[in-house]
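In the two assemblies presented below, chain A is common to both, partnered first by chain B and then by chain C.
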Partner chain A sequence: MAHSGINVLFEGRNLIRLFGGLWTTVEIAAVALVLGLILGVILGVLRTFPNRLLRLVLRLYLEFFRIVPTVVLLFLFYYILPKQLGVNMPANQVATLVFALWTAAEMSDIVRGALISVPKHQRESGMAIGLNRLQLYRYVLIPQAVSLELPATINLVTRVIKTTSLLMLISVMDVINVGQQVVEANNQKYPTGVFWVYGIIFVMYFAIDYPLSWWAKRMDKKRLERANG
Partner chain B sequence: MAKQVIKVEHLEKYYQKDHILHDINFSIDQGEVVALLGPSGSGKSTLIRCLNGLEPYQNGTVTFNGDQVVPTEKNWQKLRQKIGMVFQSYDLFPNLTVLDNILLGPVKVQKQSRETAKAAAEKLLDQVGLREYENVYPRQLSGGQKQRIAIVRALALNPELMLFDEVTASLDPEMVRGVLNIISKLAQDSDMTMIVVTHEMNFAQQIADRVLFLEDGKILEQTKGDQFFKQPQTDRAKEFLESMDF
Partner chain C sequence: MKKFGFKKLALFLGIAASLTLVLSGCGSNSKSSKSASQSSNNPSTVQQIKKRGTIRIAVFGDLPPYGWVNKQGQRVGYDLTLARQIAKDLKVKPKFVQVNANNRVDALNSNKVDLVLANFTVTPQRKQVIDFASPYMKVSVGVVSPKSKAITKASQLQGKNLIVTKGTTAENYFTSKQTGVNLLKFDSKTQQFNALKNNRGVALADDNSYLYAWVKDQPKYTVGIKSIGPKQYIAPAVKKGNKSLLDWTNKDIKKLNNNGFFEKDYNSQLKPYFGKEVKPSDIVIK
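Presenting the complex of A and B:
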């Protein structure tokens, strides 16, 4: 009897392994996002300060992470830097670091954009009641920037999660990597298993990313509605 | 003799190459109300923004309560608690309720306890007739209401000098009266020292102890309020009053 391809998922510990891989992916993405978003907010705030040198350095940092493809960043940090600098980090940590630095770079641009679009009068009214710079950002500018930047931030989060599929390239046992192993190990028995394995990976990514991008869209729409009265 | 609150000497202000304020000299005693009048673009906003450090000036000095201000950002930031300012655009913080808008300065800047500050804020809200709006967000208020709250927010810090920059200029006509009444009451009842920039000539005449008339960045005349409106000393001021249909 021909084996139905879908059974590849229920063969042995395959499904558990796939979910295990998903968990690794989610863990790396989650830690990277938390660190990256926090660092990104700080860098974004710094990028609105008058100091030119500071702004230039942070701008270069952003452009570097924007221009260099994530694949290249992963290779750079995983294969090249350890040799040059003599640091040896496990692949998971390298991946987390790269994604965190990338998230921080993109987030800094989102935060900066939102901060400079808070009207100048808001800044001056805050100064007029004696707020110092820290208080001005803390109570006036950042809270107003957050509502402007939230949809863009969620879109960034979905992009980062999607891009975690590259983790297989530096031998992190993420969901894609596990999937590939499952496909190869079961190739004889389930020739069509490849569709089912990648199919379920698709469903996994979709289940995480779709609600996020739906949420971002809805918020953007609501804001436009409010802006148009 | 009344105490001198603010003194300005030989103040010069440039925007890049543009010479905006020329050798400005005046002083104001405690309790005095000064109307700063002049055509649009004469430098009124720029001048009062120099008095709380929102604009840097290139020459001259500002003396507050007898101490010459060393114009660093830090010094101005401390002084702004004593020099309240209300702007033309009623810019309450949209992310905070009316009460939190008012309490931000007293609680975060002056480190008053929230209870003390709240009691004081509610008293001020009563005086401007907006006590029932304390938990409302600014977007739910009319322009006139927002501007009254902005005045309360500045007063909550207990300033010694208030600067008003055309605070009724972007209000609907029916809202103007209410805001002007609050400023008049402040002048009469609490003896507040203030500089008022306005294009409401009747209002200026009613409250001004003295008028500074500014044109092209120069003070052309400083005249007692009642006299300025009957008998301005310069032809330019006379033309200005005529142009304002006064």
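Presenting the complex of A and C:
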């Protein structure tokens, strides 16, 4: 045991490259989440409107993105649609687009659920004092829905961040992809290097996701305390 | 009845609308979405590549010594040296796209890359969907055995146990062509080499280039049969029908062959992995 596997991380630029990969991951996830959450809130509000056709269309959109596995979506948008439409986007943009659309779909359901679970008398009282629809959403429903939907939203955020590990399939140089390069390049010299490389990737994901999930838990607890006095 | 019909109609409309929603979300970037998909607008001709100033080449990032990334973060390997030379001959810059074994064809067909240089073995099935240029490397099945009881002929294997990995060309060849050999099949490379070390079989068969690399660290073993069964060729690939780049690549490979480029490439990239037992002529095509 002349050299232990952990040294694989400190050879050359390996560690810097892993952090570079992590940055790609975080960048894609962050942009996709910002776009997706905004779009998702709008779609979620629209889904509580009485118009049947609108609701059906949005429902189909949600089901499409919820049912089709993310891997299939990525392949569809990266390899198949360009062939049919002649659009050629770089892998990172495709990834951001797919994740944003997916987040929007899931978010729309969270927002819809939160909006309809605001007690009915709140909506009726709002209408009784003569608020129009915009005012009703702006002053009555959305403020009350936000605290209901926050934990589920953060849960969605952590899920999206984790799922970025699929991006290597469409040639995005994310942290997993870089990790595999390092593992394969050093297989001869450090047979146990694989443990350390995936180990540090685990720590990286954990460091990003755990604070979020802790925050979600805390917020949910606070909300319950408030609701039950 | 009437209500049922309406529901169906609404569903149909909904599906149509949602499809447009999805498609338009993706198509919004291009003005002329339909016309661009016609092959007349091939972005990978030699002319287009020169105009763009970059050639996009699909390579492996995790297969030493053919295409991998060293600890400085640079892409290196036998395929990469060739890729850089091709870009140099075209007087353009190379842009590397890392692919996996199973999306090399898709990358070409969806215009993500112009050329694939990723240890791509020529097979009849693949020939139907993409075009291969002249091969630049050959591989075949080899058999490794202990030096003390070296197996040098296929006839020595009759009635003996031979170790293979499932799904490899070696398994395929011995199952169909050498029926007198008992095969011991394993799931992974690690398992098969452990089995050989524990003397569970008299020899082990796998791709010869892989075996060369393995015996380099195992002084007690030798690749007694360097090549058995049909030869397989590794070649650059272009999108089906991209004659312009195909012809150019063929010409370039011929030129590189004549000036000894592949032997130099072998000596710098593969030799450190394969050791002295292998000659460049075992791998390089002359």
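By definition in this document, the second predicted complex is superposed on the first by the 223 of 229 C-alpha atoms of A that agree within 3 Å, B and C clash if a C-alpha of one lies under 4 Å from a C-alpha of the other, contacts with A are read in each partner's own complex, and residues count from 1 in each chain.
Please note the rule applied: a contact is a pair of C-beta atoms (placed from the backbone, for glycine too) under 8 Å apart; a residue touches a chain by one contact, two chains touch by 3 or more.
Just so it is clear, the model here is predicted, and its values are computed rather than measured.
Peer 1: Following superposition onto chain A, is the placement of chain B relative to chain C best described as a clash or a fit?
Peer 2: Taken together on chain A, chain C would fit alongside chain B, as the superposition shows.
Peer 1: Between chain B (first) and chain C (second), which, if any, makes contact with A:V140: first, second, both or neither?
Peer 2: first
Peer 1: Should A:T96 be classified as contacting the first partner (chain B), the second (chain C), both, or neither?
Peer 2: neither
Peer 1: After superposition on the shared chain, which partner residues are touched by A:Y79: those of chain B (first), chain C (second), both, or neither?
Peer 2: Second partner only.
Peer 1: So, A:T25: does it touch chain B (first), chain C (second), both, or neither?
Peer 2: In the superposed model, A:T25 contacts neither chain B nor chain C.
Peer 1: Compare chain B and chain C by how many residues of chain A each one touches, and report the one with more.
Peer 2: C
Peer 1: With the two structures laid over each other on chain A, which partner does A:G12 touch: chain B (first), chain C (second), both, or neither?
Peer 2: second
Peer 1: In the superposed arrangement, does A:T158 touch chain B (first), chain C (second), both or neither?
Peer 2: Neither partner.
Peer 1: Of the partners chain B and chain C, which touch A:L53 in the superposed model: first, second, both, neither?
Peer 2: A:L53 contacts chain C only, not chain B.
Peer 1: After the superposition on chain A, what angle is formed at the C-alpha centre of chain A by the C-alpha centres of chain B and chain C, rounded to the nearest 10 degrees?
Peer 2: 160
Peer 1: In the superposition described above, what is the shortest C-alpha distance between chain B and chain C in Å? Please give a whole number.
Peer 2: 18
Peer 1: Pick out the shared contact residues on chain A: the ones touching chain B in one complex and chain C in the other.
Peer 2: After superposing on chain A, no chain A residue contacts both chain B and chain C.
Peer 1: What residues on chain A touch chain B, complex-wise?
Peer 2: These residues of chain A touch chain B: 119, 121-122, 124-132, 135, 139-140, 143-144, 147.
Peer 1: Which bits of chain A are touching chain C when the two form their complex?
Peer 2: Contact set of chain A toward chain C: 11-14, 16-17, 52-53, 56-57, 59-61, 64, 75, 77-89, 91, 97, 101, 168-171, 173, 177, 180-188.
Peer 1: Enumerate the contact residues on chain C facing chain A in the complex.
Peer 2: 10-11, 13-15, 17-18, 21-23, 25-27, 29-30, 32-38, 41, 43, 61-64, 68-73, 97-100, 103, 106-107, 109-112, 217
Peer 1: What does chain B use to touch chain A in their complex?
Peer 2: Touching chain A: residues 52, 54, 77-78, 80-81, 84-85, 87, 89, 91-96, 104-105, 108-110, 150, 153-154, 157 of chain B.
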